[in-house]
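Here the structure is laid out as structure tokens; the discussion comes afterwards.
To keep things simple, chains are lettered A, B, C and D as they appear, and every chain counts its residues starting from 1.
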Amino acid sequence: MRGYFKSPVTYCEIHPEQKCMSREIKFPLVAVNFKTYRESTGEYALHLARMAEEVSVKTGVCIAVAPQLVDISKVVATVNNTPVFAQHLDPYDPGPYTGHVSIESVKQAGATGSLVNHSEHMLKISEIDLIVRKMRNLGLNSLVCANTAQVSAAVAALEPNIIAIEPPELIGSGIPVSKAKPEIVTDTVSLIQKVKPNIPVLCGAGIGKGEDASAAIRLGTKGVLVSSGVVKAQDPKQVLLDLARSVTI
Amino acid sequence: MRGYFKSPVTYCEIHPEQKCMSREIKFPLVAVNFKTYRESTGEYALHLARMAEEVSVKTGVCIAVAPQLVDISKVVATVNNTPVFAQHLDPYDPGPYTGHVSIESVKQAGATGSLVNHSEHMLKISEIDLIVRKMRNLGLNSLVCANTAQVSAAVAALEPNIIAIEPPELIGSGIPVSKAKPEIVTDTVSLIQKVKPNIPVLCGAGIGKGEDASAAIRLGTKGVLVSSGVVKAQDPKQVLLDLARSVTI
Amino acid sequence: MRGYFKSPVTYCEIHPEQKCMSREIKFPLVAVNFKTYRESTGEYALHLARMAEEVSVKTGVCIAVAPQLVDISKVVATVNNTPVFAQHLDPYDPGPYTGHVSIESVKQAGATGSLVNHSEHMLKISEIDLIVRKMRNLGLNSLVCANTAQVSAAVAALEPNIIAIEPPELIGSGIPVSKAKPEIVTDTVSLIQKVKPNIPVLCGAGIGKGEDASAAIRLGTKGVLVSSGVVKAQDPKQVLLDLARSVTI
Amino acid sequence: MRGYFKSPVTYCEIHPEQKCMSREIKFPLVAVNFKTYRESTGEYALHLARMAEEVSVKTGVCIAVAPQLVDISKVVATVNNTPVFAQHLDPYDPGPYTGHVSIESVKQAGATGSLVNHSEHMLKISEIDLIVRKMRNLGLNSLVCANTAQVSAAVAALEPNIIAIEPPELIGSGIPVSKAKPEIVTDTVSLIQKVKPNIPVLCGAGIGKGEDASAAIRLGTKGVLVSSGVVKAQDPKQVLLDLARSVTI
């Protein structure tokens, strides 16, 4: 059930006894989207990233964090073995693009990947194509989100590194997609399988307990994308521990 | 080289001796995007649609027209055997959506299909998914445009009725995609083939002569999507004749 | 309380005994936004426009209608003395703008004005500037919507023909802005007064009864912008009669 | 010609002998938009910010810098007396807004203001209203850009702290707005004067020499907004010195 992923960034042989000791993506994966919650901004972002790293070291499960843009460089300076993702990138090379997020600036800040097309920041199909391509050229991991199984299959044709299926109506609901709509997850896995069989699939929306994560793995995913279930939890570290232990089943 | 297409609207057996005698889509197809040119607005739109129908009757080749929204009902009333497409739809059901284009309103106006995601009006992948789905339910033909071969493959996963590949840099250039970038067309055809082999592919951008159209057919397409090459021609009818005769090779 | 408006289109002296006998805007004004409701699409649009004209002839109060783009030309052909507005325009001259709404196409279809920046289709400030300017050059009436008193004052600086204040949270609510939030209406009127004192102000959101309309007039507006209160009423003609009689107080 | 600005952040009495010794905005102002140029990203951003501070200390003229989001916290840690602006903000409070820029996150990162509605990232009028309001509540300086004199007057009604007029066609052109289109600058100053007389006006686009800056001041502005003229100069520090000396005339 556990697999390793040839990250475009670097690739290290992961031995069984070895823990996650670089910013490399390893599966199963728990990815934590910090969104723009107060509980994950500024100092809280650093605190949450430290917790993620502690849980990762303890369990050997890779936990990626996606803080806000302004917090990326501080998070990178705070944790050493945790992949740090942006939440959004614009499809631009360096140039006169005031207020946009150039992919290079995010790479220089130390991020090793980015969410793309999250349901709270959806993109044009031509932009996703361009972003995934530019990220590949810069050695960044693209985690493209999709709201339906069909959209998942569509974005698979663009060959991102990871795809996450998240039905928007369940995001932030506390109702886990892996239990409430398991058929969306299995449809996604099987449709992507036909287009590009090697792309790992995560699922998200409403995930907040270990049993939601293990259900996700049983449906064929390689991990989970979580947000409020961790960020707004009373004890985020405990939730992260629960999730990390459950994705390895 | 000539094929017939099971339109979701109606399906009629087309016999060899039969001309295009309904609003049915038939391949090879010449689709004419009127854009918002002065030469294809209002009275000119009706004039151009009449020309398209005359050429279609004369050659037996199906010619679809895509006038502006305000002109659709008049064009529908002017031509009888010509498929009339919208240029854009919004993914909305009837409701409180001021200024948007509900799919139902376009169907009630008599259109039998629509362009979707034209490079001058690109859409989010989730919107394309929703629009294609809603058009299918209403029996409308979806002609989804794509700017790269990869995007073509992506939209194929959403199962539109027709896909058109148009590299934006050649649109309106007078440099035909089928001659300047034949590999984009063949890549598109072969990538779509792997995802959904039955979706007919058109190509567009810079097409204005019969030889551009016959080159397109030889590259594996089922027709062409044209605009300024016809609309802004000194003699649009002659260009249409030339194109129609060339797509049948 | 009743006033006349120098329309940029034409200007006719309206004598007391004279009814609204052209597509000219006259104040007080009842403007009916058809949105994309099923009850105001296609044949229903024509029916509703006819009712508006009957009520206008009967009461002498100007009633403008704003059907969907595909219905504009049919509505124009159906009513003779009713101003017909689009619901949205794009800031484009004729050209290669697939799927967009060129201002000229709407004028050619017979519309004499358009809503701009409705809260269901908000625009960039630079777009509003361009649209209002282009409409003025083409002799079309611009009715710019605003969601707050401050935004109303801002758009006043662009010198549209009419401004409508509509707090989005009350739109479609059945709770009339003129009764629930009278201070928003009076603030709007007084802020616009300071910037451009001659621009007539309408108010909208939740208006469905005569008493809502007369309350609006008492707050300093020159009329109302209505939608579901009329379109989805059991007896739209009765509601229109009630509104028309109430705006003259 | 020199004036001081009651920043909403803090206010310090500036004595004649005193240099710019805080992150306070002081007029005349030279604001440097880093855009997403390679020459102003990452380490280069810090280098450029240091230069700005040195020139400010030397000349006593306030120089604000607007680096990319990912670089804000490092720039804040590098310079002490330089106002640091974001290039764009989204109108969101903390919450589930993946990939967006919450105003609070930017404040926590140490920025004291932000560009708003730059012509490379234009916003809806309702968004500008909301952003300016939220920035005011958080004590951040809003510098709203406008592309025409009319748009400048419109945004003045929203009462931002500073307005910058930048005709897009001159941005990055090397042709200074203050010399090529002085009437746009004077129109802007006089239109804003009528709406909100106390808002300081900057001008930008094509500014790269001291004489462009002094021309701007003579036209009634309180400073300049520059970008490529500094960022892509062979000797940015020399250009900054030239500009700083010229705005005081």
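The rule is simple: contacts are C-beta pairs under 8 Å (C-beta built on N, C-alpha and C of every residue); 3 or more make two chains touch, one makes a residue touch a chain.
Please read these numbers as outputs of a predicted model, since none were measured by experiment.
Between chain B and chain D, the least number of touch steps comes to 2. Its C-alpha atoms superposed on chain B, chain A is turned by 180 degrees; the angle is given in steps of 5.
Each chain gets one centre point, the mean of its Cα atoms, and the points for chain C and chain D are 38 Å apart.
If you average the CA atoms of chain B and of chain C, the two centres end up 35 Å from each other.
Listed for chain D are residues 119, each touching two or more other chains. Shown here, the protein chains touch around one cycle, each chain meeting exactly two partners.
Chain A meets chain D in the complex at residues 33, 35-38, 41-43, 68-74, 86-88, 92, 94-102, 104-106, 108-109, 115, 118-121, 171-172, 227-228. Touching chain A in their complex are the following residues of chain B: 117, 119, 122-126, 128-129, 133, 146-148, 150-151, 153-159, 191, 195.
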